[in-house]
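Going in written order, the chains are labelled A, B and C, and every chain counts its residues from 1.
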């Protein structure tokens, strides 16, 4: 964690990739990103920063010159037509794809060369557009997998059922139940994840991601397939999660009421590039955005 | 024998207020008592001559195949990979255990007779030998697993098949390279003392099943299962997939090696030709038939498929053909195996009786009152009994 | 083993001390390698075809060859019919068997997880082997020579006609197969199905027929392989398919499964490796060497020499 004395344009970058962020020797670099972070996060180092991020698949540029700087407790949204590259950006931020260009700094540490697992340990958790739960495991076990890296018992402790095993299992059972309580899902704890209704599956995926103790939560279409009442509830819960866990949330969503209602900053993506960035009001009145969504005729 | 171990402990749902559940020590005690009862009854029947020598041999083989099937299930049912070289690990374990025990007998001063009478030195040698066999197989598993687990699906299958063939060729020809007799070449290793008996086979089976069960019902086991269910999601949840795949693979090899050690002492001869591709398939059939991911399934099918050919000696020529047809039919009509990933729990049955036949779900409609009940249960400090969950939800049996 | 000198020195003796290692020996070995490699290549092509279209490692492929060899044996030894008829019946029989296996065992599992399909394939292989053992017995049957062909001698190198036929037939088969896949309408359908089964169906391609056709083509290659194998080794056993199949399979994976030139390269590589290992007097280790080769290639290049890398969409 860096102190408050680093300004919003100066951040620390690690030099050599290594498993533990604590051992890095931080180096000061200039970040050029214009910040749009909410007022309460100003003066603190952005939790997630990306500079000139881009990736090419073969000759095709899927994402180009993507920049972001997220405040520590900010909720921002990424919108854009289908195929604009939104999910690709999530895959870049979590190192599922290796960026062709650009830098990603998570809490000041460069994620270049890190594996997906290491990036998660550094503090990015995500959900998936096409839900990826552990379908044959129970709801509680899904959450417990997320808690895996917080649990510390040695294999032999677990295998021989030493007292420490029981103590830890009890402790994390409680934690898992508390977490399930966010969406009132304790009653479903022993249900198979694959048997849950669609909305509950999406909610469980969020909880599983939260269990990994992230600093940034990436939600890929969290409200997809939900009815208006569920969407309304989800909005409240996402804000509650942000407040309770003090984390930043970046979400992709097609439901404009949802995005406009919850996000403090919105980026609009078209053909792999950010075409507009701003508050919901600014975005709603931006002619470029209207053009991207409705075509040229849409702009009067 | 079958019921005894697959049972260790599943808990009722904590959501069930008013549902009477067993405490954790109670569950373990019940299962321990069951194991001891089986053991004592078995010993008495053998000593009393109710079970013939030949039948005892078959029972020992059942135990060995149970360990083999359940250990392969770690890699197949729990990890979701398809290794085709399980017989290779079995042979490594068998050879190393047998050779170790044979060489150490002179050093320690144990005779073949001592294994029958069960002198302390012989018991000690047996224990060390079996563990040695398991460790050797585990080392092979590690050597094979590191390159193999970088590959997926079919590639993993073929690379493990290849490794098992390499092991077979090495066992067959290593003497020529070493210049002295170690494995006995193609003729095989003979004169292995019969250090395997009903008592120690039973205990080794019980311990193996217990250890595999406890591993799977812990954070390590959950990580392994998560890789099977969705590898990409597992990675994004911080599960070190390489580590846990290797762990599952090595554990699988270890127990195959333990079974191999028992097998050597049971049969008395180790020949490389016995551990070809066919043997691996035979074990795979047991796992697939029983249900991938079900320990009880593996136990039952290992038992049935070991007894059947013995009972049907007259038609044993047809056995392999029947195996093949059954394998194909199961895949077409019930790909998840006979039991799916359902697992039997003795404690759950007892709990059901205690609750007059009601299931935990009957106590817990998934509505707000139930949720509140949980909240209070959690707040009041959850008893340790609620810490072990039940993956093989009853729901699975009704699908 | 102990009475003989260790393997590598023995090679040294024959080659250098006894001056037997000359161009003739090397050329003979190269020819042997080409012959064996051609058979592997032909069988590997069958694996590659099926894998390319339904992503299945068809474990039963090697056993189809075994059945082909037995058909030749029945037609010639038991019925005493014309060798040409034996060749035709072997090839047709293999093709029919391949299609039958697909219809009965694999077609019900088109939508099933790949693991189920793979286990079914293992089951089919197991069934054919044990069925053959039940019907024909475990001992080897001698397949008579199809034709009485003389072997030529060119500059001291004896060229067996069998070897030349094998190499030429494999070369022609590969070319025909390439044309079939690249230039014909059926080939286009095959490539479409392998790319995206669902989309191909929507485009009006009969997916099941296309897959069956692929199995037929792969099995024809297996039939040709069975004839060539019988020419070279003159025997049929129930288990001959296992090793031949497994090694051809290794060849297909080595070359990059799904790729036609890859299968040929892989086949030749495995053939040469085996002949070389035998030539230096280590024949008991040749199986181990082949698998070691596979492991090394897969570790260095997980999709084989010419294989396309596969990525999963997140």
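In this text, a contact is a pair of C-beta atoms (placed from the backbone, for glycine too) under 8 Å apart; a residue touches a chain by one contact, two chains touch by 3 or more.
Chain by chain, the UniProt names read as follows: A = ABC transporter ATP-binding protein.
For clarity, every value in this text was computed on a predicted model and none was experimentally measured.
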Looking at Cα centroids only, farthest away from chain B lies chain A
Where's the contact count highest, between which chains? A-B
In whole angstrom, the CA-centroid distance of chain B from chain C equals 36
For chain A and chain B, let me know how many angstrom lie between their CA-based centres, rounded off. 40
Taking each chain's mean CA coordinate, chain A and chain C are separated, in whole Å, by 50
Residues in chain B with touches to at least two other chains are numbered 232
Indicate the residues of chain C shared as contacts by at least two other chains. 314
Two or more other chains in contact with one residue: find those residues in chain A. 96, 128
As the complex stands, chain C meets chain B at residues 1-2, 51, 55, 57, 105, 108-109, 112-120, 122-124, 126-127, 129-131, 133-134, 242, 246, 249-250, 253, 284-285, 287-288, 291-292, 294-295, 298-299, 302, 312, 314
In the complex, chain A touches chain B at residues 94, 96, 115-117, 120-121, 125-126, 128, 132-138, 140-141, 144-149, 151, 153, 155, 158-161, 165-166, 169-170, 173-174, 177-178, 181, 184, 186-192, 195, 208-209, 211-212
Touching chain A in the complex: which residues of chain B? 13-15, 24, 211, 214-215, 218-220, 222-223, 225-226, 228-230, 232-241, 247, 293, 341, 360, 364-368, 370-371, 374-375, 378, 382, 384, 386-391, 393, 395-396
List the residues on chain B that touch chain C in their complex, please. 80, 82, 84, 147, 150-151, 153-155, 157-159, 161-163, 165-166, 169-170, 172-173, 175-176, 179, 185, 232, 277, 281, 284, 288, 317-318, 320-321, 323-325, 327-328, 331-332, 335
